[in-house]
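What follows is a set of structures to go through.
Each of the next two complexes has subunit A plus one other chain: subunit B in the first, subunit C in the second.
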Partner chain A sequence: MTAATASRNGRPGNAARRLGGGPGAGAARAGRRWALGQRPAVLLGIAALALIVLLPLGSVVLQAVFPGLFQSPPSYRFDPTALFQVLSSAGDARMLADSFLLSLGAGVAGAVVGGALAIVLGRTDVAGRGIWTALIWCVLLLPSFLYAEGWTFLLQRRGLLSDVLHEPAWMQRVFATPVGVGAILALKFYPFAFLTVGAALPWLGGEHEAAARTLGAGRARIWWRISGPLLLPFAVSGAAMVFADVLSDFGVAITVAESHRFPLLTYGIYSAIYDVPTNFAGAGAFALLLLGAVGAAVAAQSLLLGRLPHGTIHTGFRPAARVGLGRWRAPVTALVAAFFALSALLPVGSVLLESVLRSGGFSAAVEGWTPWNYVDLFTPSGAHALGALLYSLRLAAVAATAAVAFGTALAFLGTEPGAGWLGQVLHGVALWTISIPGIVLAAGYAFFWNQPWLVPLRLDLYGTVGALLLAYLAGATPYVLRFQLSALGQFDRRLLGAGRVLGAGPGRLLLRIVLRLLADGALSLWLFVLAGTAFELPASEFLYPSGHPPLAVIVNHYFNQWAYGTGTALAVTAAAILIALVLVLRALLRRLLPGVPAAEPEAAAPGPRGRRAARARGAPAADPAAPFGPAALE
Partner chain B sequence: MPTRLTVEGLCKKFGSVVVADGVSFEVPPATYCAVLGPSGSGKTSLFHMLAGLVRPDAGRVRLGARELDGPGRHLAPERRRVGLVFQDYALWPHLRVREQVGFGVRPGPARAATVARWLELLRVEGLADRHPHQLSGGQKQRVAMARALAAEPELLLLDAPFSNLDAPLREALRDEFAVLPGTLGLSVIHVTHDRQEAVATADQVLVLAGGRLRQKGHPQELYRNPADPTVAELLGPANLLPGRAEEASGGGAVVAAGIRLAAPRSDVPPGGPAVAFFRPEHARIHDGPRPSGPNVFAARIVRSGWHEAGWRHRLQVGPEGAGLRLVAFSAAPIAPGADVWVEVPPADCRVLPPEPPTRSASSAASSTA
Partner chain C sequence: MSLPSPVRPLRSRARRLVAAGLAWSSVLVTAAACGSTHAAGTSGSSSQAQRLVIYAAEGYDQAMASAFQQKTGIQVELTDMSTGPLVAKVEAEKAHPLWDVAWFDGDGTMYTLDQEGLLLRNWQPADVSTYTSLGKELQSPDGSYIPTGITAAAAFAYNTKLVTAAEAPTTWTALLQPQWKGAVGMNNPAISGPTFPAVAGLLHQMGTAAGEKYFAQLKANGLQVFPTNKPTLAALASGAIKIAFVQDSAEIQAIAQGAPIHVVYPTDGVTMLPSALGIDAHAQDMAAAKAFAAFVLSPDGQQIMLTQGGGDSNFQPIVQGEEPNPTRQATGIDWQIVPVQWQAQHYNAIQSWFSHSIVG
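Now for the complex of A and B:
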C-alpha cells in the first residue's frame, strides 16, 4: 500500500508510519505538497487576471506613447505626440482642468458630507437611522447616469421644478455649470466617504473618550483633540475615494456634463473611440492621464491608511456610546431628513415620476401621467427593451458568478501561508486593478480584442458576447478579490488547519469550510456585482454584440431619443427586479443555511428597535451605556 | 486633600443582568482598597459608576462633601475629579506621551513643569516624545498612571492595570503603586482578579460576587474568617466540606461525608445546611497511628506534587465518587494510595453558611428603592 492509497483511506498518519516516517510526517509531506501546488495556482490566477485586465488596459494606454505598437509591422518608437496634443490643445486642456477641479471639489464636499453623516448616524441617537442608511445604499447602488437623469429632469429648462416653481432660472443656470455638476457628483459619490469614516468610527473605542472625560474634558474638547484627529485620516481617505470615483465616472459625463457643454475626461475617451477614424492614440493619452490621477489618489489613500502613526484598530476596545441629542434630536433629524430628501428622494422620485409621464412631457400634473411606459415593456412593441433587460440580467448573473468564484478561489489560495510572496503580489494587483476606471478598461477591450493577429487564433472576440462578458468579469473581479482578501485575512486559520490534518485539500476546504462560513458575504458580493453589472454602461456601450444591446445601452439610447418615460420605466423595472432578487435570495440563503450567521444590524444597534429585537429573543436589551454594560462584566 | 468615599445602596442592572445590588462601603482617606471578585461579579461596572461613566439606578456616591450620585443627581465624569486607569490603558494612539500626561493638567505656565514632574515620578521621562505604539506594556502602564495622576484626582480607580503584564513586572509595578496613598495622600481602589495582588497591597479588600458586596475588611481578616465559601475561595486555596450544622460545646460543628469537624463559632442554626472550611496549610497529615483529639479523620492520598510550600496532596475522604476531595501540605513526600490521618485544629476551622441565594432583578430593585 502506498502513502497515497493510505491517505485516500483517510489515514495519512498510518501511511507515514508504514513508510517509516514519524506520526506527523505524512501530514507534513501533505502540507508541503499542498504548499508547492499552491504557488502555481496563485501564479495562474494572477496571470488570468493580468490577461483580462492588464493586457487590454496596457494596449490602449501604451498607444499614448507607442502609437505604432499594434501596427503591422509593429513600431516600438517612443512617440508622445498624442499625449502632447492632449496637453497642448486648449479644448482638451480645459477638459482636463475641468475634470480635475470638479473631482477635487466633489471629493472635498463628498468627504465633508459623508463624514458628517457617518458621525451623526453612527454616534448620535438621531431618529430613523435605518432608513437613512438604506437611502445611502440606494444612492450608492443607483447607476450614475440614472441619478444624473433624475436631476436633469428636475432642474433642466422646462423641467419638473420649473413646472412646479414656474421657471426659477437661477436653478437652471447653476445646474448647467461645473459647480452644479460637481454638486450632483458629490451627492452621488459621498457614500464612499460615509462608508470609510463609518467603518472607522466603532474602532475609536469608548475608552478613548472615557479616559478624556475622567481627565475633565467636555465633548467639544474630546472631538477637537481626540476623536477628530483620529478620524481625519479616514476622512481624507474618503475624499480620495470620492475624487477617484468622480474622476472616473462615465454616467454623468455622458449625460449631464456633455449636454451642458463642458465635457469631462471620461467623455474625452468615449468620443476618441467613436471618432472617425478611431483615435486610439488620443484615447490612450486621455486614459493614461486618467489612470495616473486615479491611481495616485488610490495610492495616496492606501499610504495614508497604511502609515497611520498608531495601531488605531485594536482588539479589546469597546465601541463608544451614542450621544443623546436631547432637545436637538428633532432639529437634527429634520436636517438629516432634508438632506436625504435633496440627495436621494428628489432624484429618485424624479426618475419615478419621469417613468409615468408621456414622452416629451415635463409637467407634474396627473393628466400627463400614463401607465403605458411600463405596460409597453410587456407588449410586443416593448419586446426589445424587455429583452435587453433580461439579456443584461443573464449576463450579469454569469459575470457575477464567475467573478465571485474566481475572485474567492484566488483570494483563498493567495492568503494561505504556502502562497508566500505571491500573496503579497496578489494584494498589490487587487489594490491596483480596482483603481482602473471602467471607461478605460472598456476602451482597452474595444481595441485589444479587435486585433488582426487574434483572428488566426480565433480569439478576435470584439463584437461577441464573450468580449462583453470578459469585460464585465474584468471590472468585477478586482472588487471581489479585494473584498475576499480582506474577509479571508480575518479568517481564523485554525479552522482550516483542523480540516487539513483530517486530510482535506484546498478544494474541499474551500467548498466545505470557507464558502460555508463566508456564504453571507459571498452572496452580498454576488448581488452587488449583479446589480452593478446589470446597469454597467461603458463596457456595454463599447462592446455589445450587434443587435443585442444591454440594458444600460437601451436606456441611454432612449434618453438620447428624448424618450425619457420609456427609458426610466425600463430602468425602474430593472431596479425593482434586482431588489426583489436581493430580498428573495437572502431569505433563501437563511433558510437553506441556518448556521450561517446573519447580519443583524437591529440587534447590534442600541436604540428602541434594537432593544425590542433583543428582548424578543430573550437577551438582555442593549442600554445606551452599553459599552459599560454587560459586555463590561469580566 | 485626602477624601473619604462613601457608597450607599448602589444598584444597577442591564436588562435582567444585575451588576450591583445594594452595594455599600466606605473607603477612608489615603487608603489602598482592592476589589476582588470572580468574572461577571460587577467589579468593572462598579468602577464605571464611580467614575460617572454609567449612571446607577439607585444609591448614593459621595466623595468628601460632594455628592456625585444621588436621587435626581448624576455628576458628569469630567467634573468628578475621579481618575481612572483602564485595563487596556486607553492611551490615545495619535498623542505623544508628553501630550497624554498633560491632557488633564490645567493650562498655564506651570503645565510643562507639572508634566515633567509626573513623567519623572513614574520614571518615563525618557519617553516623552514617543507614541503609545512605541512603548512596552510596562511603559504604557506607567504613562496611563502618570496621565491619571497628573490631573490631581481626589480618588484613583485602577481597573486591573497589571493584568496584561508578565509576573515579575506585575509585582514590581504593584509594589511601586502600593505606596501612592501614603506618598500622595490619595485613596486608591484597585480591581483585580489576582488574590495575591489584593492581599499583598491592600489595606482593605472588598469582595464582590453576583453584584453584591459579600464581605469587606482587612485581607488577613477575610483570609482567616471568610463570610461564605465564595469569599473563602477568592482569598486563597480553601477546603470546603458541605454538610449539616450541629451543636457543639463552645462553638459549632459540621458533619460532612461521615466526618465531624468542630469550630470555635457558628452562625448557622443547628440542623441547617452548612459548609466546614479550613485552609490547606492548617491541616496536618499523619501517616502513622491515629492521633488523639478532635477533628481527626481518615483519608487516602490521591495525588501528590511538589509545591513552593512543600508537598501538596490531594486527598479522598469517604468512598471514591461519593466522598470529598481535600488539599493539604506536608514537609515530606507521601506516596499516592497511602492511607493517612488528617487533623484540623478546631481553632483553624470555621462553619460557613452555604452560598446566599441569587436574587431576581425585580426583588433587588424593590429592596433598594
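Now for the complex of A and C:
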C-alpha cells in the first residue's frame, strides 16, 4: 500500500500510510508535507549531480554545436558543422553500429556468463566456491589497461606460447576480430552481471519453489517459469552495465584489436582528442552520438522491464535450498575451473609473470627472471612510485567514502514511494555516465572547472586535487547509484512499515534494519570504488595536480617507456595492498554484523527444530559463495 | 531482545535536508579546501619562490625536472602523459593556461600550438649556437620553440627469425614486393603521434599524389594498421607480421627487451621526428622557463636525456659534442625534413584521407 493509496483513503489512512510508507512517512499530516519535504533534498541532490557530472559532460557535448563556447573570448555562435560531419559520414555511422553491436553482444554474453556463474556458485554445491568468487573479484578490480596488458603479454610472447602451441600468430588474429575483442571485453566486465544476479539470488526465497513443487512442477520447469523470470530484471540490469562499460572501454580495444578491421566509437573520440589542434567539437559530436545510442538502450530496457526490480526482500522469506549436483559435480567443477583458468588466471597470471621478468618484454628465457622489480620499489629510487601508490590510496579512500555516501543518499531519494520518476532518471543518468569514456569527462572538467569567472570566486578547481576528487566521484557515483537503487528498491515497504508499527522512528529504522541489511553491500561497494579509483587512469592522467602523479599515471609512464616489469610490479604491489584491505575489512564486518542466512545445502539440512535454533542463535555469517552477503550489492 | 520504547520520530523533512546537505557539503568542503590551496599557489607568485609547471611527454622528463630543481632551487611541478592527451590538455586550458613549459615529440604539433597563439615567440636560449647543422635546420620559424633531439618517425624493423639480413627490405618501394604480402604493419596516425609525421614525410618526399598511390599499393599488398606501437611491435615479435615501420626509438627499446628484431633505415629517405620544447605565452615565470630550456640543451641536460629516459633515450642528439647511445646507428641515415608549415597545412587532409582510404 503506497502513500498515494493511503491518502486517497482519507484521514483513517494515517495508520495505513505508516504501514505503507518508508521512514519518510512521518507525522499524521505527512501527505502533503512529505512531498514538500522531499523536494529540497531532491533539488540538492540533483544540483550536486549536475555539478560533478552533467555540467562537465555538457561542456564537451555542447561544443558539438557551439564550438566556440570555451575559446577566449567565448563565442556563442551556433555551428553544427562537426555534428553534421559525424552524422553524415558513412564511416562514422559504421563505427557507431559496430560499437553498438559489439557492446550489445558483449553485454548479452556477459549477462549469460555472469548469470550462469551466479546461479552455479550460489545455488549448487560445486567445489571451490570461495576461490572462484575471489577470482571474480580479481577480474573486477583489475583495471582495464592492466587486463589488456596481461592479454597482450600472452599473445606477444614467442617463448611461452609458441613452445606450447607452435602457432601463436593465429591467437593474435583471433583476438583481432570483433568476436575475439568482444569475448575479451565480456570476460573483463561480466562480473557486473554476476554481482547483479548473485545479489538477488540469496533473497529469491525458496517459498516460491516449494509452492511450485507441491503443485507438481519439476526443477527445470521451476527455473524456466518462476526463478528465471524473477531473476531476469537483474540479469538485464547487469547486461546494461556490461554494455555501457564495453562501449566506453578503450584500454582493451586499443591494445588488442586491429583498428582497421572494425574501428570503434571510442577510436573516433580518441582520434578527435588526439587531433592537432584538438577537435573537441568532433569529440563532443561522437559523445552525443554515444549518448543517443545508450539512451535508446536505456529506453528499451525500461520498456522491456517496466519499473526497477523491487520487493524481493519481504517477510515471507525462506532461504532456498542449494542443489546437490551428484554425479555432475566433477564435470561442472572442471568446467568452471577451465573457464576461470582461461578468463582470470591467464591475464592475471601473465601480469604477475611480467612483473618478475627483468625487462618484462619479449623473452621468456630463465635468465630474465628477477625479484628486483619489486625490491627496487622499496629502495630510495622507488620512493616516487611508492609515494604515488599511497597518494592514490588516500585519494581513493576519500572518493570511495564520498561516492558511497552520495550515491546511497541519491538512491534513497530515488526509491521513496512516489519518486519512481526520479529513480528511473537516476538509473538512466548513471548508465549514460558509465558509457562515456573517462577522457571525455576529464576534458569536461578541464573546460567547466577552469573557467576564468570562477577564479575570483576561488572555485577554479581545475589543476587542484579537488577537481580530481570530484572527477573520481563522478566516475564512481553511477556504479554506486545503480547498485543502491536496486538494493533499496528491493525492500518491501512492509518490512519497514512493520518496524514503524512497533514504534521505531526513521533513524532507528535506518540504523537497525536498512543499514544492517545494506552494510555488507555498502562495504563491498566501498572496496570496489576504492580499487577502481586507485587504478583509474584517464581522469587521473588529465586532471592530476602537477607534480603529484597518482598510481596509474606512474604505471602508464613505465609502460610507455617499455619498463613493463617495473610497471606491473608496482601495480601488483598496489593490488596486494588492496586485497589485504578487502579481506581484513570484510572479516571485521562479518564479526560486527552477522549476515542473513543464505542457501543451506539440501542434503545436510537440519530438521525444522535445528533450523529454528540456528536462526535464534543469530544465524551464521552469509555463505562465502553468496556474492556479497545480503542483497545490497546489485 | 526487548521491544524498543516508542520513540518520537524526528521530522523527516529536516532529516532529509540534513542528510543531503551533509553529503553535498562534505564534497564541496573538500573541493574548496583544495581549491584554496591552488588559488594561494597561483596568486602573488612573484613574492614566493620561483615555480615552474611543465607538461611533458618524454621518458626523461622526471629526471630532468628533479635535476633542474636540485640545481637551481626552482620548484618544478611536472605533469607527464602521452603526447595526445597532453596537447588536448593544453588546448582545453586555452582560456586559462596553468602550464609554463610544454615538451613532446613533434615539431609540427608545436607549430600548430604556436599558430593558435599559445606560445611565447622570439625567444631562444643563449646557447643555441651549440646546435649541429641538423639542429639549426629544425629551428622554429618565429622562435616559438626549440628542437631538443630527433628520432626517425619510421624505420623498418624485421623479425630476425623469419627474415634474414639479406632478404630484409632496404627501400620503401621494396615493401610492395609480393613476398611481403600481408606481412607489413604500421600504426594508425589518428591515434599514434609519431606516425603522422611518418606518413606526412612520405607524402612530402614522393609528392602527395604519388605518396597516396604508394599507400594504396601497400594496402593492396595487405598492409596491417595497428593502433599504437605496442600491438604493432607485439605482432612483429610474435611473427604475425614480418616487417613493421614505427618510431625507431621504440624499435630499439624493444630489441633491448629481447624482441627478435633488427632495425634497418630505408636508404631512400627517413623522415625526422624532432622533439620540441615551447613556453606558454602567459607563463607565470618566464625566466624560470627559459632557464629550463637552456638546461635541456646544456651538456648536463643532454646526458640526463641520453641515460635516464628508457626508450626515449634512444634519440639522436642535435647538440654539438653529444653522441647517441651505442644502440643507435649514428651515421648513414638519409634524414628528410618535413617543414612544419607543410605539416600543419596538410594535417586535416592527410588524416582524413588515411582514415577513409587506408584504415577504412
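Following the convention adopted for this analysis, the second predicted complex is superposed on the first by the 327 of 634 C-alpha atoms of A that agree within 3 Å, B and C clash if a C-alpha of one lies under 4 Å from a C-alpha of the other, contacts with A are read in each partner's own complex, and residues count from 1 in each chain.
Just so it is clear, a residue touches a chain if its C-beta (ideal position, glycine included) is under 8 Å from a C-beta of that chain, and two chains touch if they have at least 3 such contacts.
On a predicted model such as this, the values are computed, not experimentally measured, just so you know.
Contacts of A:L215 after superposition: subunit B is touched, whereas subunit C is not reached. After overlaying the two complexes on the shared chain, residue contacts for A:E207 are found with subunit B alone; subunit C is out of touch. By the touch criterion defined above, A:R225 lies against subunit B but remains apart from subunit C after alignment on the C-alpha atoms of chain A. In the superposition on chain A, A:I434 contacts neither subunit B nor subunit C. Contacts of A:F542 after superposition: subunit C is touched, whereas subunit B is not reached. Of the two partner chains, neither subunit B nor subunit C is touched by A:L352. In the superposition on chain A, A:L62 makes contact with neither subunit B nor subunit C. Partner contacting the larger number of subunit A residues, of subunit B and subunit C: C.
Contacts of A:Q451 after superposition on the shared chain: subunit C is touched, whereas subunit B is not.
Those residues of subunit B that touch subunit A in the shared complex are 14-17, 19, 39-45, 48, 51-55, 76-84, 86, 88, 90-95, 103-104, 131-133, 147-148, 151, 153, 160, 193. Every residue of subunit C that touches subunit A in the complex is listed here, in rising order: 3-17, 19-21, 23-24, 26-27, 30-39, 53-55, 59, 62, 76-82, 84-85, 87-89, 91-96, 98-99, 106, 108-109, 112-113, 116, 161, 188, 190-191, 193, 224-228, 230-231, 233-235, 237-240, 250, 253-254, 256-260, 309-312, 347, 351, 355-356, 358-360. Residues 205, 207-208, 210-218, 225-226, 229-230, 308-312, 314, 316-317, 614-615, 619-621, 623, 625-626, 628-630, 632-634 of subunit A are the ones that touch subunit B when the two sit in their complex.
By the touch rule above, subunit A contacts subunit C in their complex via residues 23-27, 30, 33-34, 36-38, 40-41, 44-45, 47-48, 52, 70-72, 74, 91, 152, 155-158, 161-162, 168-169, 172-173, 254-260, 263, 267, 270-271, 273-278, 280, 359-363, 365, 368, 384, 398, 402, 405-406, 409, 412-413, 439, 443, 446-447, 450-452, 455, 458-467, 469-470, 473, 502-508, 541-542, 544-549, 553, 556-557, 560-564.
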